[in-house]
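Both complexes shown next keep chain A, but they swap its partner, so chain B is in the first and chain C is in the second.
Up next is the complex of A and B:
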């Protein structure tokens, strides 16, 4: 049984311009002890799909349908049929306890008026019965674990007294506090210097080895994925367009969007020019009927505009949604 | 912290000196004299004696120097309209009632304002929010004497629940305190609501929720402290204004307070009284501002009171 199994998750946001269909029926799974990458550009729905899992959508966001099976338990709000209080109660027991999240921006995700210690012991206070002395002891341990020197002093300080990298480590420590089974890392390195980025990724890998947690790494950086993830989901326009082992994605990309993303990564060995993907992502208020990538795809066909391609399995691990991979024998291109 | 406070106090004393100087000369420029009105019939000899007694026969700069000399030793002179009574005696008699009433009004304003603001920010029922904001808008736009009189008519006359005159029992405080507090309640409600809505959008609220912290604890433990920073900066000067009294409310409820003293002293050209009250109110405002800054620094660790020596 997978640690996390999402089926047909659909999430939308009510805005003044209309309903934004941010996540349009995605399915994915994460096993214990593996790091799975979700890759896509801004607005592809990668972060919002995971906020949906955590139940942390902003007020105008709703999960419309789908099933979220976490550790054998159904945690989608759909089953509660509008009983928000019951759903919130369930999630309060899970969040920060068996499932936690590492956030993107270390500058804005820590409360400026509370000490590091207060913010760090909060998940422990919520979920574990510990005395004040035990809490302090655990806080020191956590800071040491994420590589913050002189933790005793740091605990007394406020976020603004720490550097960006330091704060990101604190955020990671908060996520780790209760030894969660699943850690969702939402672009944990985006706001950091390149030198610190590598260290943070190393840290997440190390901690995963130690705790055996499953990790979902949300990123737009294929370089980060290559160094950390075993499997990758590529998201575009609220849908998963390709999934596979990291090697499959790197060496046999099937979807034109995946190839486009790879062309954007600088490869120092082959002295080729960077090729950005022209155009911009689709408007998700009126999502296209066909493949969301069709307007930017240089191999687009007639059918791509009309119908969303079905998922096609290329191997046990590799699957793609693209009409190009459909066998000509099926004759669908002719329609 | 201590050094900062002392420094601010020193600056405060300079400010007070400037305030006293400006007030003194402005006051003398206004036409009229403390011995106008029914005293205008006094014979020239008596008038000269009175002028001599209060040093009014000397030049204005001379008068000012004499006033300063006396003030430094704590002698603020006698009231010019109530002969033989030192202004400090009058202040000591009137200030306690005003301060007590002001403090009660202040406590009401803060507790009711913050509570209503939080309710308006978080209620799921849109009509509750609209109702609170409607009342708050009325509280800001309607002058205090109007609702003070309305309260008096409803609770004092028609229902007869509350006494109208004076400040004898705790019951006496209810109507004047609420009349004083309604405006600040409305201001604080609006301030807390908008500030709370802003704070709840911040990323650190999402992180707090991601720890499994229940919403009520997120609000009280994470949001409230951040949202109180603008409230504190408003509440400081508010306290100074409330404990110095309101002429309107004190006259309406016949409270022998300092607020009516101040207005009367100006209309009567009671020079010594004007000076003493100006200096008193000035020092309240200065002290309360220092306290506000200290409190803000206490709530928000990012605020640095002392600039690092460069």
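Up next is the complex of A and C:
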């Protein structure tokens, strides 16, 4: 049984301009002890799909359909049939406890008027019965675990007294507090400098080894994914267009969007010409009937505009949604 | 590449006073601390470094948004710190800037046409008809449609907005453009579009760029030469190939070793990072070499004496390790 299994998740947002269909029927799974990357550009639905899982959508967001199986338990609000109170109660027990999140911007996530210790023990107070002494002991342990020197002093400090990298470590420590089974990291290194970024990625990998948690890494940075993830989902226009082991995605990309994305990333070790993807992502108020990438794809065919391609399995791990792979004779794309 | 420098910077310092209120202690942020380099005609000079290293302050000092505290900036042979009124106007026309955030750098109440026309109006260039023609041709240059002229910035995506701000920069036919992180607010697939556009404009118009970014991959791609900055000092200058393939300064080496490369096999082979700690506060720059607190090779001498940029092979580096 997978740690997390999402089936046909659809999430939309009511806006003044109309209904934005941010997540359009995605299915994915995460196993224990693996780091899975969800890659996409802004507006691809990568963050909102995970906020749906955590039950952290903004007021105007609704999960329209789909099932979310976490550790054998169904946690999609759809299954609660309008009983919002029961859903909230369930999620309160899960959030920050068996499932936790690392956010992008450490400064806006931490409360500026509370000490590090207060913020660190908050999830423990909510979910575990521990004495004050135990809480303090655990707080020290957590800071040590994420590599913060002199934890006793740091616990008394406020967020502004810490550097950006330190703050991100504190956030990771908070996420780890209750030994979660699943950690969702939403662009955890985007706000950080490269030298710090490398360290935080190392830390996430080490912690995964130690705790055996499953990790979902949401990012737009293919370099970060290459350094951390064993499996990858590529999202575009609210859909998962390709998934596979990291090696399959990087060395045998099948979807034109995936290969396009790889071709326009700067690899400083190779002097290849940058091939940008022309155009811009689709408007999800009126999402295209067919493949979301059709307007930017140089291999688009008639059928691409009309019908969304079905998922095609290429191996046990590799799957793609593209009409090109449906034609067995001339269906080879990329290298 | 031409050999005449269009911009010559010598011993430039930009300091900002902070604190000094009723109870505060007066302190100085040495954002740019004794920097010297040249940008040649038709060249792209890349500037890399982590946040807080002073790269943006340096860029802004060069276009005179900030006044330098000390030092000389020569643009086309003239010291820009001592320009007369009309010379200053010329300077403003020849030197332009592209900003990082295309959501903040365009006036939301002006149409695209007005935004691009404004520099020409300020500098009194051309008749209204000529200005309209120029706006139309600039829109075409940056890959926007003629009917976009009457639209407002909020109707455009980030990449398109950055195209609008590039068109505005080009309105005065500048010779030198400071690009301050022009792609870091954009999506990956859009970044490459903007980089290619900037490269094409340079080929067609022979403009020189100072390209500031923290994304070393992008800088490597667009630049002829690159300078690495750390805590207000340039620690290494070299051709983009030399800098990437044979980095000399321990900081440049560490920076390069930290970039995640979109190649899982290479990332698995990569050795673990050996750079220590984090960047110190610019209020309290270490004595001697600014990098010594994080440098794995630091010696006593590094604490006492600040290394100067000197020629080593094809590059220039400020590090005592290369002292013979």
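Note that in this section the second predicted complex is superposed on the first by the 325 of 335 C-alpha atoms of A that agree within 3 Å, B and C clash if a C-alpha of one lies under 4 Å from a C-alpha of the other, contacts with A are read in each partner's own complex, and residues count from 1 in each chain.
In this section, a residue touches a chain if its C-beta (ideal position, glycine included) is under 8 Å from a C-beta of that chain, and two chains touch if they have at least 3 such contacts.
This is a predicted model, so every value here is computed, not measured.
*Asks:* Output check: A:201 vs chain B and chain C. Expected answer is one of first, second, both, neither. What do you get?
*Replies:* second
*Asks:* Of the two partner chains, chain B (first) and chain C (second), which one does A:96 touch, if any: first, second, both, or neither?
*Replies:* It touches chain B, and chain C stays clear.
*Asks:* Quick check on the superposed pair: does A:250 touch chain B, chain C, both, or neither? Answer first, second, both or neither.
*Replies:* second
*Asks:* When the two structures are overlaid on chain A, which partner does A:20 contact: first (chain B), second (chain C), both, or neither?
*Replies:* A:20: touches no partner chain.
*Asks:* Chain B or chain C: which reaches more residues on chain A?
*Replies:* Of chain B and chain C, more residues of chain A lie in contact with C.
*Asks:* Tell me the contact category for A:3 with respect to chain B and chain C: first, second, both or neither.
*Replies:* In the superposed model, A:3 contacts neither chain B nor chain C.
*Asks:* Can A:276 be said to touch chain B (first), chain C (second), both, or neither?
*Replies:* Touch status of A:276: second partner only.
*Asks:* According to the stated criteria, A:260 is in contact with first (chain B), second (chain C), both, or neither; which is it?
*Replies:* A:260 sits against chain C, while chain B stays out of touch.
*Asks:* Who does A:127 touch here: chain B (first), chain C (second), both, or neither?
*Replies:* first
*Asks:* Between chain B (first) and chain C (second), which, if any, makes contact with A:160: first, second, both or neither?
*Replies:* first
*Asks:* Jot down the residues of chain A that show up as touching in both complexes, chain B in one and chain C in the other.
*Replies:* none
*Asks:* What part of chain B is in contact with chain A in the complex they form?
*Replies:* Listed in rising order, the residues of chain B that touch chain A are 202-204, 206-215, 221-222, 225-226, 299-302.
*Asks:* Which residues of chain A touch chain C once you look at their complex with the stated criterion?
*Replies:* 41-42, 163-166, 193-199, 201-202, 220-227, 246-247, 250, 260-262, 264-269, 274-278, 280-281
*Asks:* So in the complex, the part of chain C that touches chain A is made up of which residues?
*Replies:* 50-51, 157, 159-160, 187-193, 195-196, 214-218, 220-221, 244, 254-267, 270, 272-273, 275, 278-279
*Asks:* Okay, in this complex, where on chain A does chain B touch?
*Replies:* 54, 56, 88, 91-97, 100-101, 103, 105, 108-114, 119, 122-123, 126-127, 158, 160, 171, 174-175, 177
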